[in-house]
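Sharing a structure below in structure tokens format, with a few things to ask.
Letters A, B, C and D mark the chains as written, and numbering starts fresh at 1 in each.
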Amino acid sequence: MSTSPIHATFLFSAPDQAGLVARLAGFFYELGLNIVDASNHTDPFVDGGTPRFFMRIAVDLSRLSEPKALAKLGGSTTRKSLETAFDGLASSLGGTWSVGYSDVKPRIALLVTKDPACLYDLILRQRAGELACEIPLVISNHPHLESVAEGFRIPFFTLPVTPATKQDQEREVLSLLRRHHVDLVVLARYMQVLSEGFLDAAPPVINIHHGFLPAFQGAKPYHQAHARGVKLIGATAHYATADLDQGPIIEQDVARVTHGMGPEEMVRVGRDVERVVLARAVRAHLERRVIVEGRRTIVL
Amino acid sequence: MSTSPIHATFLFSAPDQAGLVARLAGFFYELGLNIVDASNHTDPFVDGGTPRFFMRIAVDLSRLSEPKALAKLGGSTTRKSLETAFDGLASSLGGTWSVGYSDVKPRIALLVTKDPACLYDLILRQRAGELACEIPLVISNHPHLESVAEGFRIPFFTLPVTPATKQDQEREVLSLLRRHHVDLVVLARYMQVLSEGFLDAAPPVINIHHGFLPAFQGAKPYHQAHARGVKLIGATAHYATADLDQGPIIEQDVARVTHGMGPEEMVRVGRDVERVVLARAVRAHLERRVIVEGRRTIVL
Amino acid sequence: MSTSPIHATFLFSAPDQAGLVARLAGFFYELGLNIVDASNHTDPFVDGGTPRFFMRIAVDLSRLSEPKALAKLGGSTTRKSLETAFDGLASSLGGTWSVGYSDVKPRIALLVTKDPACLYDLILRQRAGELACEIPLVISNHPHLESVAEGFRIPFFTLPVTPATKQDQEREVLSLLRRHHVDLVVLARYMQVLSEGFLDAAPPVINIHHGFLPAFQGAKPYHQAHARGVKLIGATAHYATADLDQGPIIEQDVARVTHGMGPEEMVRVGRDVERVVLARAVRAHLERRVIVEGRRTIVL
Amino acid sequence: MSTSPIHATFLFSAPDQAGLVARLAGFFYELGLNIVDASNHTDPFVDGGTPRFFMRIAVDLSRLSEPKALAKLGGSTTRKSLETAFDGLASSLGGTWSVGYSDVKPRIALLVTKDPACLYDLILRQRAGELACEIPLVISNHPHLESVAEGFRIPFFTLPVTPATKQDQEREVLSLLRRHHVDLVVLARYMQVLSEGFLDAAPPVINIHHGFLPAFQGAKPYHQAHARGVKLIGATAHYATADLDQGPIIEQDVARVTHGMGPEEMVRVGRDVERVVLARAVRAHLERRVIVEGRRTIVL
């Protein structure tokens, strides 16, 4: 039994047009559902040239079964009928949308290799209630971190990979993701490039890159940063795409470094940035705040 | 002749209740006016215990004289009739509101003493188009900065003050503010405490305090900070109230200092923070983003 | 067998006088020992009025047994004889000093209550090689975190405390610290105030306060910060003294918060700042970079 | 008449070897000159593979004419004889060095085009005593900012440039720099690429790039940053080299941006970062803290 009311959070986008806020807010008002949080953004810079409207609306479902909603939804107040009604509105506005419910926690798979920092960090945040999700499994190409996952009683799967077995290994990973009903994959320092085929078939994938993209793409970014003599190093969380390190950026941050730090010291300083940036990005995704628009993200 | 469309920006707050976003957005939708920017916040922490709703809505007035608005507003599409109609809605919701128009630039009076940094900074930002306002006058208790104001052809008034003449001097300042139709007073390092009587009679007053409030209230905050051995120093922009340094905070920021810096060096580092913090606060006020709620501000 | 050379790190302070750098550097030069890192600071602001000189010198001990050192140290090249010789120099300059060796890892006791974030963080950093120390035990007034310590095979002692038993409990804590040869105590969210008697008898104690000192001293600093409407929240690591939250500050940092965050959300944001600030302070202490001077610290 | 004692600040670098700190500090100790500030760094990452030692030493010259120095310098205590003696020491260590005196203020030429922000900022900091330099002239390829320079009574030279006249114009700029005895050129948003020939003949040149190098090189970096959807924008101050935007970085910083900001808004946010980064870099250069080592800088 949950004591806090259940929320539905809608993400909506459409070509900009008059009255969008009023139409969307009015939809829920007529159902008698209270909007507990709403934010919107109209972006004039979308590639095609037409401004595009983005909105996030969180509504309290407590009154979904009351007469007002019942009348409006044609006698059925299931989530399905709510979604059908919203889809009718969205279609009439030329929009796309998605919805999540606060009592259905997204299921995250963590993919790792040998570095425990991000793995521990995400698990501890989930346990502390900072990340509203379940972590049904951890997958690695290496047995190194098994004891960490086991310590938290999370199933751990070791799927080694070589260039020759990459296709097979990815198929096995996909199979594990499906079997565990995974909604989001987080690459928590998984030292493998995923194929386009994998990314097409998988749920959304968030990666943490230990550099301030678009600078320092590719391998050993801290060594690159040291060689270039930068005074700040960064980390970037982004959705993985087939073009490595080119996916839409969700979150970035930096830390100050000095001439006195070698690449190893930069790794240490950078690790703190990586963890926080990855956690913020995963949290924004879980709270349904992120919409991808071309190469950019709108974070509502 | 202005080529960009004129906007009206409404700030509204009321006890939280169902349908507020829909009612407010619907009001403008029915008038045929396009909402170009909207954001809202429901604060559960307001003192009385009842959650309170805050909203900022910017609407494009281009279609204010079209038949749709004309019909709705009873035959008159002046700003006055728009305001009367909005007031009717706000009253029915138990709310308070205010409005500003993008073609009516707020008029700012800068009060200074001897430090030129914030004075130059605000004037240059206004000239660069960063601050949508007019600066019809600068008032000082000291003639020191007259040449700066004159260099930008801004009238400069020197009104010296002593404990004995404080009441008279404040009356003269108030008279100047009225005569110049001042909408906002900015204390850009004005080294005088304003009386409660002055603050009651004057337009809103924004002050910059060169410390991270609530730490280091009162005089010589950098010397206090140095003696306490802090590792960060800050600046705070807030609305002035009769309780010195206790007014609602609009913006704060910090900069890192080291044991190697004496109080003078902290002053230098702090000056950069002060300027940016004050400019951000003034800009937020001018864009009608700030609502005072008790001792706090909501910045929409 | 250690492959990297062993270092001795000296911390020295004395009233400022001519030739201090030359005298100190010359001491090691004459012994044939290479200085691998040195930094110094002359502070004109020390309370008594006389400027004071602070220096950190790290020297490579590889050549301590070679003829040059042997001749200079009177035939004995033990660490003891090196320390005796340095003490002679320091005395002649009216200075105080201490030394640590890179092959003798300081032993840290972590004191906790129920919050696991800082506990995990410090253990993981120690395991990752970021903190050059041993953690021989964790002490808590509560059994809550026992499984965390056990997971890393660190002995965990539960010593409950009530106002009536406080004196006895502190005596037991002290006894544990002595028996485990503890060099540094870290209060990793230990929700108890330590008595003056305890602090006098214990090794140095570092505390993390989840507020930007000197603002928000005492209990529930995030609730205080929320009520005051600040735009940044902070954390402060400091040496514990009998005056609660008044000890010399080692490190501070802040994070941005908005009007939309309640006290609980501030706790979450603040937790990230706390962990990083505490880890940086412990690291600076372990690297022998921190000298306490009155209410301030010099971090070399 | 100056009341504060005159300082000489030496910058020294050499292949790392035993006793360098002692030898350098000893040199001034034997002369009876007090070291008021010293810092050093040994860099193990220098390209050739040999670690390199860098040191900055500031000494008080008050006692340069006393018997101790007189005896040591062979009867002459001019600055020239001090430099000759130091050069002897440096040569014996295989090092390179330079020196500056606190009573000889470096002379800076500011090169600008149309943007007044950095120009005002540098002049105001110099007037406020934050930058210990003289600004004998401002050069522009455009008459736009003449009134700004004139307002501060600084000579302003307009030297327009086209591809056809570039070589001649650069020759005129060089001639102006020589005639005004310029020690440092600061490109305060000078929208021209300088030729290799110019850079070879000119004093050191510091440029401000309004992007976080090495990302976003070249033109319109904020537009590039917007298109890529980054969450932070930056600015980089570096020594100008023939490879545009590839010179050794002196200072960098960033500011947070959101999806709601278009390129113009990023320009506004970025301008605050640019000014502070450029001022910090110029200040570090003037205080003789910066040594170029390959593509990196050591900032002591």
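Simple rule for what comes next: a residue touches a chain if its C-beta (ideal position, glycine included) is under 8 Å from a C-beta of that chain, and two chains touch if they have at least 3 such contacts.
It should be emphasised that the depicted structure is a prediction, and the values quoted were computed from it without experimental measurement.
Set against the Cα centre of subunit B, the chain with the most distant centre is C.
Subunit D has its Cα centroid 44 Å from the Cα centroid of subunit A. Separation between the centroids of subunit A and subunit B, computed from CA atoms only, is 37 Å. Multi-chain contact residues of subunit D, defined as those touching 2 or more other chains: none present.
Judged by the touch criterion defined above, the protein chains are all mutually in contact, each touching every other.
For subunit B in complex with subunit C, the residues that touch the partner chain are 41, 43-45, 212-216, 226-232, 234, 248-254, 258-260, 262-263, 295-299. On subunit D, the positions that touch subunit B within their shared complex are 116-117, 120, 124, 128, 130, 151, 268, 271-272, 276, 279. Contacts from subunit B toward subunit A in the complex involve residues 18-23, 25-26, 28-29, 32, 34-40, 42.
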